[in-house]
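The chains carry the letters A, B, C and D, assigned in the order they are written, with residues numbered from 1 in each.
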Amino acid sequence: MSREEIIQQMKEDVCAANLKLPEYGLVTLTWGNVAEVNRELGVIVIKPSGVPYETMKPEDMVVTDLDGNVLEEDSLRPSSDLPTDVVLFREFPEITGITHTHSIQGAAWAQAGRDVPVYGTTHADNFYGPIPCTRDLTKEEVEEAYEENTGHVIVETFKERDIDPMAVPGVLVRNHGTFSWGNSAMKSVEVGKVIETVCEMAERTETLSRNAQEPIPQYYLDKHYYRKHGKNAYYGQG
Amino acid sequence: MSREEIIQQMKEDVCAANLKLPEYGLVTLTWGNVAEVNRELGVIVIKPSGVPYETMKPEDMVVTDLDGNVLEEDSLRPSSDLPTDVVLFREFPEITGITHTHSIQGAAWAQAGRDVPVYGTTHADNFYGPIPCTRDLTKEEVEEAYEENTGHVIVETFKERDIDPMAVPGVLVRNHGTFSWGNSAMKSVEVGKVIETVCEMAERTETLSRNAQEPIPQYYLDKHYYRKHGKNAYYGQG
Amino acid sequence: MSREEIIQQMKEDVCAANLKLPEYGLVTLTWGNVAEVNRELGVIVIKPSGVPYETMKPEDMVVTDLDGNVLEEDSLRPSSDLPTDVVLFREFPEITGITHTHSIQGAAWAQAGRDVPVYGTTHADNFYGPIPCTRDLTKEEVEEAYEENTGHVIVETFKERDIDPMAVPGVLVRNHGTFSWGNSAMKSVEVGKVIETVCEMAERTETLSRNAQEPIPQYYLDKHYYRKHGKNAYYGQG
Amino acid sequence: MSREEIIQQMKEDVCAANLKLPEYGLVTLTWGNVAEVNRELGVIVIKPSGVPYETMKPEDMVVTDLDGNVLEEDSLRPSSDLPTDVVLFREFPEITGITHTHSIQGAAWAQAGRDVPVYGTTHADNFYGPIPCTRDLTKEEVEEAYEENTGHVIVETFKERDIDPMAVPGVLVRNHGTFSWGNSAMKSVEVGKVIETVCEMAERTETLSRNAQEPIPQYYLDKHYYRKHGKNAYYGQG
C-alpha cells in the first residue's frame, strides 16, 4: 500500500475505534479519544478535539508526525490529549493504539487515587497485576506542558514500579481518568472497556466484603493471565 | 429573519433540546424541561407541561413574554417551572438556555443537601468550583409563589457565595433536582448531562475512599477549567 | 360500544401496558404483570402467566369475572397474581389498573422490609407520604391462599395505617416486590416506574448522607403533591 | 430427525442462546459461553473461543464428543471452559444446557467469596436455597487441568453440601464468575440472567439494611419455589 493508502486505512480504523467509545458506554458528550501510530511512516492519527461522535467521519481524523505536529492542511485540531499520546508512543515502543476516557467507574477509582487490586479472574485474564494509579502531578507539572507531563507521570509509574506496559495495558491518572493501549486503536478501546468492567466489579466486591479484601492467590493470576497471553496461551482461535 | 422565523427556530431548537433529555437518560416519564430566551424579542420558549416526549413536536412549545405570560392563542400550558426560569433569565443576564431535571444522581445529591465537591478533572473541565446546593425554601416561600421562590433561592445561593453563574453553570435545589444553563437550550441540556455524570463519579469516589475525600489541588482545577474556557482555551475547534 | 368491543379495547390497553414493563426496565424475563378492571361489565383483563413479552398479543390477555374465574374458552392461564388483584379491585373501589413487578430497586427495599421515606420532591410529586412496606405474611397465610392473602396484607397495611390508596398509589410487599395502581392499566405501570426511580434516589440519598436522613418538611410535601393532584393542581394540560 | 439434522438444530439453538448473553447484558466483549449436550448422540455443542458475538453464526459452533474431543474437521477451537462443562454434563445427568459468564453482579459476589442468601421471593422463585460459592481451587488444581478442576470443585460443592443441582441451578465459582444450567441451552442463559438480577437485589438489600440481613422465612421459600416448580406448580401455561 502507498503511504496515502496506509494513512487512509488508519483514519478509518481510528474513526471506527472512536465510535466504539459511545457504543461501549465509555464516554459522555465529546469526551474521550483514540489514537494510533505507524512508526515506520512517522505518523500518528487521532480524533479531532470536541467533535460530536454522531457525525464523526474518517476524514475528520487528524494526522500528525511523531512529535504531534499536524501534517495536513485544513486539518481539524487534534485532541488536546495528543501530547500525552506522543510521550506514550515514544516511551512504550510496543504499543500501537491508545485510548483515553473519563469513563465513570475508572474515573471514580482515579479520583479515589487507588490502584485497582486483582480481585478476580476477570482482572487476571487481562492485567498481570493491579491497574496502577499515578501520583498527582505537581503544581509546576500542571502549569507547564500539562498534557505532556501526564505522559511522563504515566511512564514514571511504570518504570518506578517496574511494571511491563504490555502485561498491564492501562493506567489510572490520579484525579483524571483512564489511559489504555494495545496493538491497535480498536484493541486499546477494548482494554478501556475491560478497565470499566473490572473497576465496577472491584467496587462491588468491596461493598460486599465490607472489609479489606484479599487479592486472589498468585497462582490464579498466573493461570488466567497466561491462558490468554504468551506462547502457551490456549484461549481464542490461535 | 422575521420575528416569526426566529420564534419558529427557537421552537425547533427547544423541542430538540427537550428530546435530548430522554436520550441522555435524564428524565422519567414527562419530568424535566428546557427553555430558551431571546431578550431582544422579549420571548421565552419552553416545553409544555406534562406532555410525553414520544409525541412532542416543535409546535407544542409554549411562547411567553419575559414575565412568563403566554403569548399565543390555543397554546398548551407551559411547564410549571416557568416562573423559576423567568427569575433566572432576569437575574443571570448572560444565560440563554435553562434545563431542569429530576435526574437520579443529581436528585440524590439534592436530597442529601450536599454541594458536589470537586473530586476530579471531569468536574473541573466543566465547573469552576463545587456544584452548590441551595438551602431549603421556608414554609412561607413554598406556600406562596413556590416556583418563583425557587428561582430566588438559586440566585441567593450564587450571590451570597459569590459564585459566577457562567463559571458554575448549574445548581442543585435542596430536596428537589437540578437546574443547569448555558448559551443555548441544547448547551443547558449538555450541562445537565455533565452534572449527572459528575454526581455519579463523586458518589463512587466517596464509596471507594470510605473517608472524607480531599478535593483535587487548586492548580488542577485552574488548568482543567481554563484549558476549556476563556481566552486561553485550547480544547475544541476554536 | 358493545360488551365485546369494550373487552377488545381492554385487551389492547392491558397488552400495551404490559409491554411498557420491559421498555421501562421494570421486568426480567416474563416476570411482572398488569391488569385492568371494568366493574360495570364485571370483568378483569390480565396478562397470561409466563408468556414472553417479545411475542405477547392483545388476544393472549385473559378475561375473568370479578372473582377471578376465567370467562373465555381456550383462554391462556391468568397471571398467578390474579387473586391479589381481585382483592385490591374489590377493597380499593377507586382503582382501575394494577401493576405487579419484581423491579430491582423496589424489590431491594421490599427485601430490606423498609418503607421508602419521603426524601424529596420527586417522591412528593407522586405519593402523599412514605411508600409503605407490608408486614411479612404468616406461615399460615403463605400456605393457604397465598396470593389472596397478599392482597389482604396490602389492604390491612393501608387500613391500619389510615393511608388513602389514591394518595399513595403503591406498596412494597415485604420480601417480595411492588404493587402499584391508578385509573388505568397504563397509569399503574407509570406509577411502577416512579417507584423504581424514587427507590433508587432514596438509596443513593442515604449513601450520600451516611446517616439517618430527615424527610423533607411537610410543607414541601403538601406543595408538591397538590400542585399535581386535586382540584387546585396546576401541572399538566388540565 | 437424522443425526445431522439434530446436530444442526443444536447448533442453531446454542448460537441463539449465546446471542442472548449480550442482549441480556451478561457479557463484555467475547466473554461468556453456552453449551448443550445430547447424551444419546454423544455430542456437546459449544461456542467457539474468542469469537465476537456480532458475527457469530450457527456454523461457528463447535461439536465435540462427551469427553470434549472436537468431532468436525475445520472446526473452530471450542471455548476454553469446555472441560468444566464436560465434568458438569457427566456429574449432573439431568442438565442439558450450561452457561458461563463473568457478569458484573455475579462476579462481584464470586470475588467476595460469598453465597447469595435467600433475601426474597425473586430468589425463591428460582433457587431452592442460597446460590453457593465454591471454595478456591488449590495451587495444584489451578496449575494442572484448571478448567476440569473448576468442574470438580462445583460438583464437590453440591455433593458436600447436599444441594440438588436441579433445585439450585447455578453456582458462583470463587473469584471467577457464574455457571448456570437447565434443560436447554436457552434455559441456562435465563438462569444466568436470574443470578445477575438476584445478586444485584441482594447487594442493594444489604446496603439498605446496613446490617446482617435475615433470609426470608422457610415457608416463603417453600411456597414460592413450589408454585413454579414440581408437580403442584401453578405458574405458567402448564
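Definition applied: contacts are C-beta pairs under 8 Å (C-beta built on N, C-alpha and C of every residue); 3 or more make two chains touch, one makes a residue touch a chain.
These numbers were taken from a predicted model, which means no experiment stands behind them.
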>> Tell me the rotation angle, 0 to 180 degrees, that brings the C-alpha atoms of subunit B onto subunit C, to the nearest 5.
In response: 90
>> Same or different interface residues for subunit A and subunit D, judged by whether over half of the residue numbers are used by both?
In response: different
>> Can you work out the whole-Å distance between the CA centroids of subunit C and subunit D?
In response: 33
> Taking each chain's centre as the mean of its CA atoms, how far is subunit A from subunit C in angstrom?
Replying inline: 46
> Which residues does subunit A have that touch at least 2 chains other than itself?
Replying inline: 207
>> Residue numbers of subunit A touching subunit D in their complex, please.
In response: 119-122, 190, 193-194, 197, 200-202, 204-205, 207-209, 213, 216-217, 219-220, 222-223, 227, 234-238
>> Under the definition above, what is the set of subunit A residues touching subunit B in their complex?
In response: 28-29, 31, 48-51, 76-77, 80, 102, 104-105, 107-114, 136-137, 139, 142-143, 146, 175-177, 203, 206-207
